[in-house]
Structures are given as structure tokens and as C-alpha cells.
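The two complexes that follow have subunit A in common; it is paired with subunit B in the first and with subunit C in the second.
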Partner chain A sequence: MLKHLPSSASLILGLGAMFLVPTFVETFTLMEVMVYVIMSILALSLGLVWGYGGILCFGQAAFFGLGSYTYAIAMLNFGESSFALLLAIAVPALFAGALGYFMFFGRISDVYLGVITLTVTLILFNLVNSTSGGRFHIGSAPLGGFNGIPSIPTLHVPGFPERTLDAQALFAVCVAFLTAVYIGLRLVLASHFGRVLVAIRENEKRADLLGYDSRKYKLGAFVLGGGIAGLAGCLFANWGAFTSPTVFSLAQSAQVIIWVIVGGVGTLFGPIVGCFIVQWLTSYLGTLSLINPNLVLGLVLILFVLLLPKGIVPLLQKGALLAVGSLRRTRP
Partner chain B sequence: MSANIVEAVGLGVTFGGVHALKNVDFRLAEGELRCLIGPNGAGKSTFFKLLTGQYSPTRGSVTIRGHSTRGLQSHQIAQLGVGIKTQVPSVFNGLSVEENVWLSARRTAKGVAASKAVTDTLDMTGLGHLATLQAGVLSHGQRQWVELAVVMASRPALVLLDEPAAGMSDEEVMRTAKLIGAINQRCALVVVEHDMEFIKMIARKVTVFNRGEVLLEDTVERVLVDERVRDVYLGRELAMKG
Partner chain C sequence: MDYFAVVGIEILNAIATLVLVSIGLAIVFGMMKVINLAHGEFIMIGGYAAITAVKLGVNIWVAMLVVSPLVVGLLGAAIEWLIIRHLYGRMIDTMLATWGLSLLLVGGVTSIYGNTTIGLSSPLGALDIGAYKVSLYTAFIAAVALGVAALMYALLKFSRFGLIARGVMQDPGMAAALGVSPARIYCATFSIGAALAGLAGAVLAPITGVVPTIGVAYVAKSFITVIGGGSSILTGTLTASGLFGSVNQIASFATTPVIGEVALLLVAIVLVRLLPQGITGRFFRGRI
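Moving on, here comes the complex of A and B:
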């Protein structure tokens, strides 16, 4: 019973949010919360790869960006959004597969893995940034250089291109995807694959000596993370009907890492919590226009690393356990 | 298939001009228990690393259960039925003892069979009462047993133990010796150990390593009275103390 608690709770929470939030909040707030939801999916992807696979990927934005560009290009060429959505998951996942193959099967050590993933993001950023002008297009979709791709058609009901989703429906779709990804990842982590993955994070040599090919498991997690980040990118392109090279930027990659650290590495709920809190804080500070939000973000990161390196969620879990324990003790 | 579970022929490895192991011939029969002794730096652990694919040999070959291990990765050699307990206890510190053992059992068995293998192994090693604890919080001796349990849970045909009694109290050493006897009922064993009392408890045949070579191979009684063995051991020990 307790085993299914997090999944069931998140399912109820997700369903509730899908129907209640759009009815009670105005569109501006809805759009704001929607971007938190979308970024939470991105945060979850790193939460898997880093928190459970032990792979510190500095370039999760690469897959996010690829997902958003893939969706935009596929949509402008084919016009069927379900197909574009699937491509936006498959292309980043394949890219992660190719990149991960060389990194894991080449037995690249952790530090270089960080450097490589970071560099790949920057290469993609510069590549896409320098595609201004009519010469650069894929099919009928111009790449647009640093101006990005505007007017990307939004998701529509599968098979009915004229029935595009409005903001409320898109919000519901984003929440549904976040809930599905969360529950899906919980199932993955409870499976044999997930348990071996965690074992490899704990002690890779031991796992190898037990007969598990750690490279394959890490590659599997990396590909899954890439696909999920691509999904987030696709939804992000839907959110603003726009994508630009900033999706590949250093800031984007760094933000994801901060969300995961603040929320808690090695948990699934943590990245979502961290993503919501940090983004809300950034946007609140932005409206105050008293202080540079990035300065505060830096401070938050330093404070967390120094004082609360495990993040918010593990702290709350510990607090809850202690509270339950003391309740039990006080009972006669 | 040969009757020997392990055959190493002319095995050697060189690290930057240093011959860590030169020309070792080693044969182990099915179901045999063999002890490896020798002073520090004699090449015992290096030999284990060559057998398990953690190092690739510079010269010679290893055949395990009739399969050449040339070019095989560690996990592929493990899949041939080789389990190893490393010198420093290597377990999944952040996971429970039960999960540690299950991860090993699950590689060779599924579902109920895996759960049964976990229970059996925990019973055999006497770790049942620790099953839910995190491996990382246990004492050194207990972690050694957890690692033994992890190695046994996959039902290997050959088990390599690198100093299984290191850092244990006398009582724990006794228990480990018994455990090794029980393990040997199920599979062939190679044990590296320094503790001569422990060797006397478990060993029948002993191989002595010195400076990357096999110095001699004989029954435990004869090895313990051999002048050369005394020389390499005592010589080294006196030199260290002096």
C-alpha cells in the first residue's frame, strides 16, 4: 500500500491540477505555471540521469533544445502534431544514444563526461545560432539563426489539424505528461533495470563483477533521459509557439542542475519541487526589479550546496519520518 | 571441456616495464579449494584481476570452464560463472543487505527463484537479521560477509576470495572458515590469505606466489615447513620490521 503512495498521490494531484487550475486562475498565471510544469519534465530527466544513473550531464539542454527544434521543423513540414511530438522524443533519444555510446563504451570518466556534454550543448547552440538566412532550412522550415523559429503550430487533436489546443487544454496536456513521466519513472526505478542502475551508481565495479554490463544500463538511462528532455522541449515550443537557440544555452543547462540540487538529487519529487521553487523565485525577483535574479540564484545555489547538499525533499522526508516517530512514541 | 575449471598458461602482465606477473601456470580442478599465499606484491591480487578481466594479460592465456577469456570484459567473465570478493569489501553501500544480495541473485534467476536464492544465501551466511540494514552502516567484518553473500547468490561455479578474513576478530575468522567450507560444497574456490592459522583451517593444497611467479605448489603441511616459503615470508617480514 505504502509502495504505491507516491504514484497514487501524484496521480490525484495531477488530475486535480489538470481540471482545477485552468478554471480558477487567469491565463497569465496559467501560462506561468505551465512553463514550470514543462521545465519540471526537463528537471525529471536530469533527476533520472544524475540522481539515479550517477551521470552528471551538463548538457541536458542539448536534448531539450533538439526536442523543441525537432517539433518545430516536423510541424512546419508535416503538419501532424502527434507525429511531430513522437519525433521530438525520438530524435533527442537517438542523439543521446549515439553520444552516450561513445561516452560509456569508451569508458570516459565522470569529469570528462561533464565536459563533453557541456561542449555538445555549446556546439549545438553555435550551430543553430549561425543558421540565419534563407539558405538554411530543413524541408519547408527555415531555421532562422538566432531569431529562432516563430509561429510554430500548437498541438492539435490527433488527426484533426484544425482543432488546435487552447491554453487550458495545453496546460492539461502538460500536466498529464508530467504525471505520466513521474509515474513512469517510478515504475522504471522499481524494475530490474532501475534497481541495477542504482546499484551501478553505488558501485560500478561491483555491478560489473556480478555480470552486469554497466555501460548498457547507463546508456539506457541516458537515452531515456534524452527522450524525456526532448518531450519537455517539444512542450516548450508549444508553450510560446516559438523556439530559439537559447534553448541550447549554458544558462538553460545550468538552471536544470540548480533545480535538481535544490530539490534533491536521488529523488524524483525533488527536481519538480526545486524547479517550481527556483522558477517562482526568479520570476518574483524579476517583478520586484530590486536585485538581479541571477545574483540571488547564485546565492541560493551556494547556500544549498553548503548547508543543504541533499536538497529540500530528502530534508522534508527526514522531518516527516521524525514527526511520525515522535507521534508513535507519545502514544500510550 | 577440460576437467579443470581454470587453466592459466604462461600468464603475465607488465605495467610500464614492471613485470607484475611473469609466466604463471595455474590449474584448478572442478570443486577444488586452493589457497594462494605469498608476500605483499607477489602478484596474488594482480592474478585475480587477470582472471576476472579487470586487467588484460600481456602474455599467456586464461581458460575458464573451457572458454578462453581473451578479449572478454569483466561482466562477460562473471557471466561464465565467476564470482569474486575483492580485497577491500566492495558492496553497494547505499542499499540494504537484501537488495545487495537480490541484485546478484536476480542476474541468474527470476521472480520467485531469485527471492528464494536471496533467502537461502542470507540463511547460509547468517545475515538474515541484518537484511533490512544499509550495507554501508555495517562493520568491516559484516560487510565482508555481505560481499560473500553477494558473490554466492548468483550461484557461481568458481569463487575467488581476496583476503576474506582480513580485519576480523578470532571468532569472526572461525565463522568465515566454516562459511568457506560450506561454499566449497557448492563450487570451486581460490582463496588469497595472509593469516597462516586461517590457511591451516581451510586449506588442502596451497600455491605460493613470489615476485610475480609461482614459487611452489603443494599440500599445506609441506608448504608450511618449506625453507623457501619461510625465506620469502620471513625475509620480507624481517625486512619490514627492521
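Moving on, here comes the complex of A and C:
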């Protein structure tokens, strides 16, 4: 029973949020919380790749951006949102597969991996940024360069292009996806694949010597992470009906890493918590406009690396365990 | 003919720029195995230091060649003492902390100077080559790059500090047993790397102007130059800069500057895949 506690709790929490939040909060707050939910999916993707695969990817924004652009382009060309959504997951996953094959089968070590993912993100950012003007279009979708793609049709009920989802329904879809991704990842990590992945993170050489091909497992995690990040990107394009090259920016990648490290590397709940806390902090500081948000984000990242490298959630877990332990001891 | 001369000069310029922006990072990475993701921000602060000094009435050459390296060098020493020192041996954590530092510096400088590009007028005139004009300042940049490389070679090869620093790099434990304090050498090395970044930022400021987010443009380029170069600090930086700079400029002339940048990054990725130890991991081994 205890084994299923996190999954069932998150299911109840997700269902509750789906129905209660839209009825009780006004649209402005709803839209803000929706970004948090969408970004939590992105944070989960890095939480898997970094926390369990041990692959520090400095370019998770690349997959996020690819998902966002793929959805926009597919939507403007085909007009069927379910197909566009699937494509927005498949394209980043395939891209992650190609990039990951190149990196893991080339036996590129940690630090160089960070550099390559960073560089690839920069390439995409530069390329997309330079696509302004009528010359650059895919099908009937202009790429728009620095200005991005405006007025993207949002998700609609599968098969009925005229029945688009309103903000409340879109929120419910986002929460449903977040819950599904969370529970799905828990299942993946409890499976054979997940256990081997963690073994590789702990000691790659030993896992290799035991007969597991670590390259394939890492590639698998990387592709899965890429697909999830693409899903987040697709939902983000839906949120504002807009996408621009900033989804590829280094600032975006930096934010994801900060969410994961603040929440807790090596947990699934941590990235979601970190994402909510840091995003709330950023937008709060933005409304105050006293201090530059970058300054605070940077400081938060430095302090966490120096003082609390495991993040908030493991700390709370440890605290809770200690509290329970001391309660038991004081009993006669 | 004139056209090719101009292209040649531009290639030289690109190589010199790459050498300048990456040599500080190469020293810090090569000697200490610390990847400093705030390197681009050190360059940016060098630019701001030079511009501020010029506005305060300092001679432009003094501002670029003395004030900026000094300011950023001191900043580097402080940062080593506050942050880097506590993370030695934890390469990934160092990367993360310096990334945080880069955000912090961008935020701080934006709060002080605002988010607009500030320029500095280029102090030298132009030179006529046939129908084309080439800025004499290009020659100055090449000279500074050459000077810095020569100075670092001399420092590492012939000075007592260089000998001790190379000893610490090879075996910190043995160096400590012989009475050298590795912590002090690391601090000095990091400070020198930062000072070189500051110099690069100041020298490049008249060409590019400075804006708080300019560091991002440099950090990836200097990074891949250092990694592409491999373990030998100077030989690696020079050869990798030569390769990447040529590719960048030739592709830029053939197509557009954006494609030039992309070509540079692509060549770098392929190079890291083919030679994971960098150019000097395979060729010219054992040089400085």
C-alpha cells in the first residue's frame, strides 16, 4: 500500500487541481498557475535525465523549443491539434535520439556533454533567430525569426477543429499531462529499465561489467526526457498561442537547471516543487521591480550549490524521517 | 586580389579574437580543471570597466590595457576565495555555481548600467587596400593577442611562478609536500585567467560595444575553443582558434555571419566527437 502512496496522492492532487482551481481562481491567476504546471513538466524531464540518468544536460531548452515550434508549424499546416501534439513529442524525441547517439556512443564524458548540449542550444537559437522574412517558411507557416510565430491555433477536441479548448479546459489538460508524466516516470523508474539507469548513474563501469550496455540506457533516458520536454514546449505554445526564439535561449536552460537543483536532484517531486517556488519568486520580484530577477536567481543557484546541493525535498524528507524517529523513541 | 587580402585580414582578426577571449579560460581550465561558465561575464565586465574608466577621464590605452585587467583580476581573486575554492574536484558543481555567478553578474550589471549597448569609439583610423578599407584597430587586436600568448608562454616556461604552477597542476599533493601552497597558486591562476578575460573584453569593446548579456556570445565560443584545443594551454588555444576562426570567417563570407557562427559550432562538435581529448591530445603532445 505504501508503495503506491506517492502515485495515488499525486493522482488525487491532480484531479483535485483540475476541477477545483479553475472554479475558485480568476483567469489571471489561472493563466499564471498554468505556466507553473507546464514548466513543471519541463522540470520533470530534466529531473529524469539529470537526477536519474546522471546526464547534466545544459540544453533541455532545445527540446522544449523544438516541441513548441513543431506544434506551431504542424498546427498552421495541418490544423489537427492531436496530430500536432504527437508530432511535438516525436520530433524532439527523435532529435534527442540523434544527438544522444552521437554523444553516448562517442563515449563523451560529463563535462564535454554539457558543452555539446549548450552549443547545440546556441546553434538552434541562432538559426531560428535568423529566419525572419518571407524566405523562411515551412509549408504555410512563416518562421518569423526574432519575432516568433504569433496566433497559433490552440488545442481542440480531437476531430473537431472548431471546438477549441478555453482556458479552464486547457488548464485541466495541462494538469492531466503533468500528473500522467509524474506517474508514468514513477512507473518507468520502478521498472527494470529504471533500476539499471540508476545503477549506471551510481557506477557506470560496474553496470557495464555486469553486462548492461550503459550507452543504450542513457540514450533511452535522454530520448524520453527529450519527448517530455517537447510536450512541455507544445503546451507552452498553447498557453500564449505564441512562440519565439527565447524558448531556445540559454536563460531558459538555466532556469530548468535551477528548478531541479532547488527542488532536489534525484527526486521526481523535487523538480515540481522547485519549479513552483522559483517561478513564483521570479514573478514576485518582477512585480516588485526593486531588484533584477537574474541577480536573485544567480544568487539562489550559487547558494544551493554551496550550501544545499541536494535541494529542498530531500532535506524535508530527512527532517520528516527524523521527526518520526524521535516521536517513536519518546514513546514508552 | 584586394578582396582576398581583405578576407585574409578578416580571418586573422577572427583568429586573434578567439585567442583573446579563450586564453583566460584555457589557463583556468588547463591548470585547475575548473570550467568557469562566468567567463563571458568577466569579459563583459572588462568592457564596462574600460568604458567607465574612459568616461572618468583615463587615457583609453591605459583603461584598456591596465585598468580592465586589474579590476577583473581582483574580482576573479575575490570570486575564487568566495566560491570556487569550496568546490575543487567537483567539476559539475563548479559549472553550476559559476553559471549562477554569470546570472548574478548579468543581473548586477543590468541594475547599474541598464540594458542598453554602450559604445566606445575605435581609437585608430583605417587603412586602404585597393577599393576596400580595413580598420587599423584590427592590427592592434592581433598584436594584443600575439603579445598575450607570448607573455603567457614566457610566464609559464621561464618564470619561477610558471614552474611552480605547472608543478601544482601535475601533482598538487607533491607540490604541497615541497612547501608550496596549492590554494595560493590556484587563487593566483584564477585571478590571471580573469584578468586576461577582462583585457579581452576591454580590447573588443570598441568593436562590439558592451551590453550586460554580451557574455553569452563569448562563453560558448571560448569554451569550445578550449575544449577543442585540449590539454596544452597555449598550443591548444592557438591551433583551435586558427581552425575555428578560419571556418567561421570563410563560411561568413560565403553565406551570412549567422551561418558562419553555426558552421563554427558544428565543426567544434564534430571535432570533439573525433578527438575527445582535443587537438593537442593527438598532435603536438607535451607542449605548453
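Here is the rule we go by: the second predicted complex is superposed on the first by the 332 of 332 C-alpha atoms of A that agree within 3 Å, B and C clash if a C-alpha of one lies under 4 Å from a C-alpha of the other, contacts with A are read in each partner's own complex, and residues count from 1 in each chain.
In this text, a residue touches a chain if its C-beta (ideal position, glycine included) is under 8 Å from a C-beta of that chain, and two chains touch if they have at least 3 such contacts.
For clarity, every value in this text was computed on a predicted model and none was experimentally measured.
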Contact-wise, after the overlay, does A:H192 reach subunit B, subunit C, both or neither (first, second, both, neither)?
first
Applying the touch criterion given at the start, work out whether A:I138 contacts subunit B, subunit C, both or neither, answering first, second, both or neither.
neither
Now for A:L86: first (subunit B), second (subunit C), both, or neither, which partner does it touch?
neither
On the A-aligned overlay, A:L301 touches which partner chain: subunit B = first, subunit C = second, or both, or neither?
second
In the superposed arrangement, does A:P309 touch subunit B (first), subunit C (second), both or neither?
second
Return the chain, subunit B or subunit C, that is in touch with more residues of subunit A.
C
In the complex, go through subunit A and note every residue touching subunit B.
192, 195-196, 198-199, 202-203, 205-214
Which stretch or stretches of subunit B touch subunit A in the complex?
52, 54, 73-76, 78-79, 83-84, 86, 90-95, 99, 102-104, 106-108, 150, 154
Interfacial residue positions of subunit A with respect to subunit C in the complex:
56, 102, 106-112, 114-116, 118-120, 122-123, 126-127, 129-130, 250, 254, 257-258, 261, 291-302, 305-306, 309
As the complex stands, subunit C meets subunit A at residues 35, 83, 86-87, 91-93, 95-97, 99-108, 110-111, 216, 220, 223-224, 227, 256, 258, 261-262, 265-266, 268-269, 272-273, 276
